[in-house]
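Two complexes, one shared chain (subunit A), two partners (subunit B, subunit C).
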Partner chain A sequence: MVRVNGEEKDIAGKTLAEYLTAANYDMKRIAVEHNGDIVAVARYGETVLMDGDGIEIVSFVGGG
Partner chain B sequence: MNSDKLIIGGHEFNSRFILGSGKYSMKLIEAAVKDAGAEIITLAVRRANTKENESILDYIPKGITLLPNTSGARNAEEAVRIARLARALGCGNFVKIEIMRDSKYLLPDNVETVKATEILAKEGFVVMPYMYPDLNTARDLVNAGAASVMPLASPIGSNKGLATKEFIQILIDEIDLPIIVDAGIGRPSQACEAMEMGAAAIMANTALATAGDLPMMASAFKQAIEAGRKAYLAGLGRVLTRGASASDPLTGFLRD
Partner chain C sequence: MIPTKEEWNRALEARHGKELHRAFSCATVAVCGLGGLGSNIAIALARAGVGRLILCDFDRVDITNLHRQQYKAGQIGMYKTDALAQNLKEIAPYVSLTVHTARITEENAAALLSDADIICEAFDDAECKAIFANNVLSELPDKYLVAASGMAGLYDANRIQTRKITSKFYLCGDEKSDVQDGIGLVSSRVMICAAHEAHTVLRILAKQFDV
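Here is the complex of A and B:
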């Protein structure tokens, strides 16, 4: 299982790019942290999600 | 007034109004940009929602400088993490540090704010820390590499005005960075007063978002901020400690 924004998801084995596309995220509008480290967009395709990993996907909202 | 620019971290701005976008709508952003002349708009970073089709970025015109904040951070470490994510979102390297430990009064934690400022300034961010107006902290922020200092006027969202006036004045007089009054400014007259005191800019959200006629209030803030700035640059007339001073000639009266 991979913890995505606090929710366990059965996506181990997929690449980050595969998951983000399948989950319908707008890649231009997000930033991703994988096990605490920010992942550069160019590395989404080569980042394989492993069992026990954690990812955070964030975007801008009104605030301030 | 064209040569009178607001300079933050080497970036020049003509407008001295910054929009906070917490309570936002298309109408608010339009009014802030068109009627108040805002060139900087703050944003927050949150977990992304795939089902969310609209993004606040769709509402913000090109050419506006985005100022992500670190709201939600309870300490320096969390603020640094949010700032890095904000930069990874690809909208520049400005960051407003906002660290709050208490959710009742939403007061900034000055100590943690200095820590986060130091780390992020070293990483090349243009750091704009939101703080409780305290001279010692402001000096620490200067040393930590802040690009401006953003003292609160009164509690966030309260529209209560310049409750901390005396202390903001001390920052303006002693700190060699733009002092941007943030939080609590509720009326154009309060924005004007802060600008007359020498504040470099005003940040507001609730004052516009909760106004009756948003575009009209945005325009009122623009005029108030410009009037206050002009008055500051002109140099205010002196105040007598006591008594009066005639403003008419004291000779040539029509009497014997």
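Here is the complex of A and C:
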């Protein structure tokens, strides 16, 4: 299981890019923390989510 | 009469204590984007005695900015960097300012922000926010980033909060209310979010890292 924004999900083995696409995230408007570190956007495709991992997906909306 | 630098420092030291005043006055903080967030953040930090601010924005003051941004009617048409520098010097005459009237890109960010201890993201556009945050967190991993997402509308002020995402990344806002929905940005709610960002900066400088 992988903990995504506090919720356990059965997505171990998928890449981060696969999960983000399946979950309909707009990849131009997010930042992703994986086990304490920010994942560079260029590495979403090669980052494989493992059992016990935690990720936090932060979404940016407009305004400032 | 404008007080002398010594009088100024003594007043801040009396307020904050020697140690905290030293932490604030030795710090360099970058404010990227000088709209409703950035202009309010910069004023809060200058008032608190932060020693040096790096101010970045490419845009000019427009009449449509004045309902929430810390500029004056007579400053319409000026570069925001120049107008804010003028206002900050009136408020806190001894704050050291470095202004960059330029668009911050993935190419120039590292050079423009290399002196900063803490970087505040204060842009308007969601994609610009994400590109900047990812760029700073990946390319300048020793810097603290304080960013904002979600402060539009007249929604409950108490929904705006600060979250610590990593040891170097704090996010302020309700993470939902988009400027595209409803009435856009309202001065008080943007100020609350800007105050969250400025307050997070001061807490980091005071080595109070938890949220």
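Couple of notes before you dig in:
In this text, the second predicted complex is superposed on the first by the 60 of 64 C-alpha atoms of A that agree within 3 Å, B and C clash if a C-alpha of one lies under 4 Å from a C-alpha of the other, contacts with A are read in each partner's own complex, and residues count from 1 in each chain.
Convention: a contact is a pair of C-beta atoms (placed from the backbone, for glycine too) under 8 Å apart; a residue touches a chain by one contact, two chains touch by 3 or more.
Since we're looking at a predicted model, the values are computed, not measured.
By the touch criterion defined above, A:Gly63 reaches both subunit B and subunit C.
Counting residues of subunit A touched by each partner, subunit B versus subunit C, the larger count belongs to B. Contact with subunit B, but none with subunit C, is seen for A:Ala23 once the two complexes are overlaid on the shared chain. Residue contacts after overlaying the shared chain place A:Asn5 against subunit B, while subunit C stays out of touching range.
Judged by the touch definition given at the top, the superposed model places A:Glu33 against both subunit B and subunit C.
With the contact threshold set out at the top, residues 28-31, 33, 38, 40, 56, 58-64 of subunit A are in contact with subunit B in one structure and with subunit C in the other. Residues 20-24, 42-50, 52, 55-57, 66-69, 71, 81, 84-86, 88-91, 96, 98, 205 of subunit B touch subunit A in their complex.
Of all residues in subunit A, only 5-6, 23-26, 28-33, 38, 40, 56-64 touch subunit B in the complex they form. Contact residues on subunit C toward subunit A in their complex (touch as defined above): 33, 35-38, 122-127, 129-131, 133-134, 137-138, 147-152, 165-167, 169, 171, 173, 175-180, 184-185, 190. The touching residues of subunit A, counted against subunit C in their complex, run 28-31, 33, 36-38, 40-41, 56, 58-64.
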